[in-house]
Amino acid sequence: MKDEILRLFSSIQSKHPLVHHITNNVTINDCANVTLAIGGSPVMADAKQEAANMTKLAQSLVLNFGTLGEPSFESMILSGKMANHIEIPVIFDPVGVGATEYRTKRAQELLDQVEVSVVRGNQSEIAALIGEEGSTRGVDAGDIQIDPAKLAIHASQKLGAIIAVTGATDIITDGERMVEIHNGHPMMTKVTGTGCMSTSLIGSFSGCTKHLFAAAVAGTSVMSIAGERAYRFLQKPVGTATFRMKIIDEISLMTGDIWREEVKIIENKCS
Amino acid sequence: MKDEILRLFSSIQSKHPLVHHITNNVTINDCANVTLAIGGSPVMADAKQEAANMTKLAQSLVLNFGTLGEPSFESMILSGKMANHIEIPVIFDPVGVGATEYRTKRAQELLDQVEVSVVRGNQSEIAALIGEEGSTRGVDAGDIQIDPAKLAIHASQKLGAIIAVTGATDIITDGERMVEIHNGHPMMTKVTGTGCMSTSLIGSFSGCTKHLFAAAVAGTSVMSIAGERAYRFLQKPVGTATFRMKIIDEISLMTGDIWREEVKIIENKCS
Amino acid sequence: MKDEILRLFSSIQSKHPLVHHITNNVTINDCANVTLAIGGSPVMADAKQEAANMTKLAQSLVLNFGTLGEPSFESMILSGKMANHIEIPVIFDPVGVGATEYRTKRAQELLDQVEVSVVRGNQSEIAALIGEEGSTRGVDAGDIQIDPAKLAIHASQKLGAIIAVTGATDIITDGERMVEIHNGHPMMTKVTGTGCMSTSLIGSFSGCTKHLFAAAVAGTSVMSIAGERAYRFLQKPVGTATFRMKIIDEISLMTGDIWREEVKIIENKCS
């Protein structure tokens, strides 16, 4: 797994995959900037008149529900179907699913109509996505009593996709293998968009490999390592805006060597 | 007043109120980040299909006219009515009202249909909102010859709401009491969104208390103090982007102790 | 040329032109902040109900195709016609034109219906705009085999507008005169929105002069100089987010004296 991920760091710098995003208005600038920072090339077109045609040019597609609305949902379906047709990976971020019936319903429709390769969310979003009990509060993770590893495996089997459940510990599984990432910093919850950025990083790595499980682990771990390093290197006390900037800096400065030195990863078979 | 506000600093850290925003595309990321910085939890959903349902989960609602359009206006009405129904406060930022007939008309409609608890704007926006002569130039304060204290009192009585008129001196009144805040820095006019961020801070504090006048003073003064401190602590000359980042940092580092030491506040009865 | 531009630096500080933007959701905050940084006053209203009326108050109009959609396109036409009617300059940024048929078609329609004073884009966007062979890849410049100076002159003659082709070397021409700017830094391609910001700077300078060619050179060169200085002054290695912040800082700190000392400009007649 580690060697596969190390190869992705050079691969992304030579291929600069075009990552088509249909995403939210809150963190759209951050998503574009982290995609550039890791070596991808972002494009954010969301008009239904061009969504599928833009996807046709891309190497991966990121669909993010942050500020979901009918026009962007329609474009997500069009782009998602095109992505399936041209066989590029679709990365889905079900932001806020479970908080309102609308989001939950539209997420189901998306999963019915589009084959999704990777889903990244917090515990309550992933739980809501597969109909588990949970409570999404706004767009943040609510209280939930389920074991995140079991949740991830269950979701992966039910959705036929790689699942990344991010939180204090990040869990990534394809239903057979499971990886835990023990990096990150609690202050990351004080910056909007760290989840979205993680998804954009997965999308970026997914655009330059067939090994989507490695891409999901790479994207998730780069985000958590960047957060951990950003906090470590800043003068204390750390303000949240400087922290946010420093996280993106650390993503842009990440190399395979830094990643290998920093990553705290546990690999397992799903039992 | 000061003791009441000091209590809000701990209250917001324990309650993390969910602050539903329907806001503009220019400063939406800043609004989310300052809400997190002060201890709130932001959610920015603006689709009419879920707006009211999202409001149902929230402790306060922020309505901001920055990039007003028909879809978001419709959602503002739905969410505003829901907020009134479940009795959570509505904070209104009439960005650019007076600049175009469209904004002025929609603001009147909003005030007709939704009971608003706090309105924050610059002098010309508040003047336009109550039909006073004034000149809003784009979204910035225009030249206006009216005494801001009299304007605020008049607006408060006419609208039955707490009014915060922000500028070189900030004035907050509920028609009976009046508070002047003598903090801030002129360079704050060189950063987009300082007004919007102030409104989001009022919204955040309003989500954890019944004392909305204290919440309005708290939000307005935290913004002005953060701007003042940000400028003070930075190496000169100060660039506007570093200044913007440092303002949000100072919000995230603000404590009751810092606030008490920094605030320059004058309390009066309205005569 | 240089003297003309030096006069613009004081002119913009005394006039604070109102720059109406109809722009994209990715870089809208950056566009507003650089407009403020250079001395302009940004307003970003894009609802068709008020677009033309907001333009009526402005000194220049910036139309940016970054996240083009039907509602904003309709507003661009309304605002563009109003700008022509009241004789303020229209600055057009054809982001991503050539990437999809939709963008190319809408760009043609805009140019048919609105008289545009300045167009700023990368090589492939400008080539696509005039029907030259080229390949726009997403919103980034694709590979193109045409001489950028010839392209700019051709585009200027065909569109009857000042053309700024930005890249490693920036080229600005009105079909008779040509200016090359040899400033900038390669790392600017790692930050989203440097092109959009350049366009907003051109829009800002265009709002305070009749010499639009000087305004186009001023805006383009300020952006490139700011990028060059930002990189030079930062501790190495430079992270992309700190770099982005520092670029806007350098714009806000730019003076005529700094500009004169830094600018590497070559003036020519078009042959």
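The first chain written gets the first letter, and so on, giving A, B and C; residue counts start at 1 in each chain.
The rule is simple: a residue touches a chain if its C-beta (ideal position, glycine included) is under 8 Å from a C-beta of that chain, and two chains touch if they have at least 3 such contacts.
Everything quoted here is computed from the prediction, not taken from an experiment.
*Asks:* What topology does the chain touch graph have (line, ring, star, complete, other)?
*Replies:* Its topology is that of a complete graph.
*Asks:* Same or different for subunit A and subunit C, when you check if over half of the residue numbers at their contact belong to both copies?
*Replies:* Homomeric contact, different residues on each side for the most part.
*Asks:* Between subunit A and subunit C, tell me the centre distance in angstrom, where each centre is the average of that chain's C-alpha atoms.
*Replies:* The answer is 33 Å.
*Asks:* In subunit A, what residues contact two or more other chains?
*Replies:* In subunit A, the residues touching two or more other chains are 25, 29, 244-245.
*Asks:* Residues of subunit A touching subunit B in their complex?
*Replies:* So the residues of subunit A in touch with subunit B come to 24-27, 29-30, 66-70, 96, 99-103, 137-140, 189-193, 237, 239-242, 244-245.
*Asks:* Per the contact definition, I'd like the list of subunit C residues that touch subunit B in the complex.
*Replies:* Its residues touching subunit B are 18, 20, 25, 28-29, 32-33, 36-37, 41-47, 49-50, 53-54, 57-58, 71, 244-250, 252-253.
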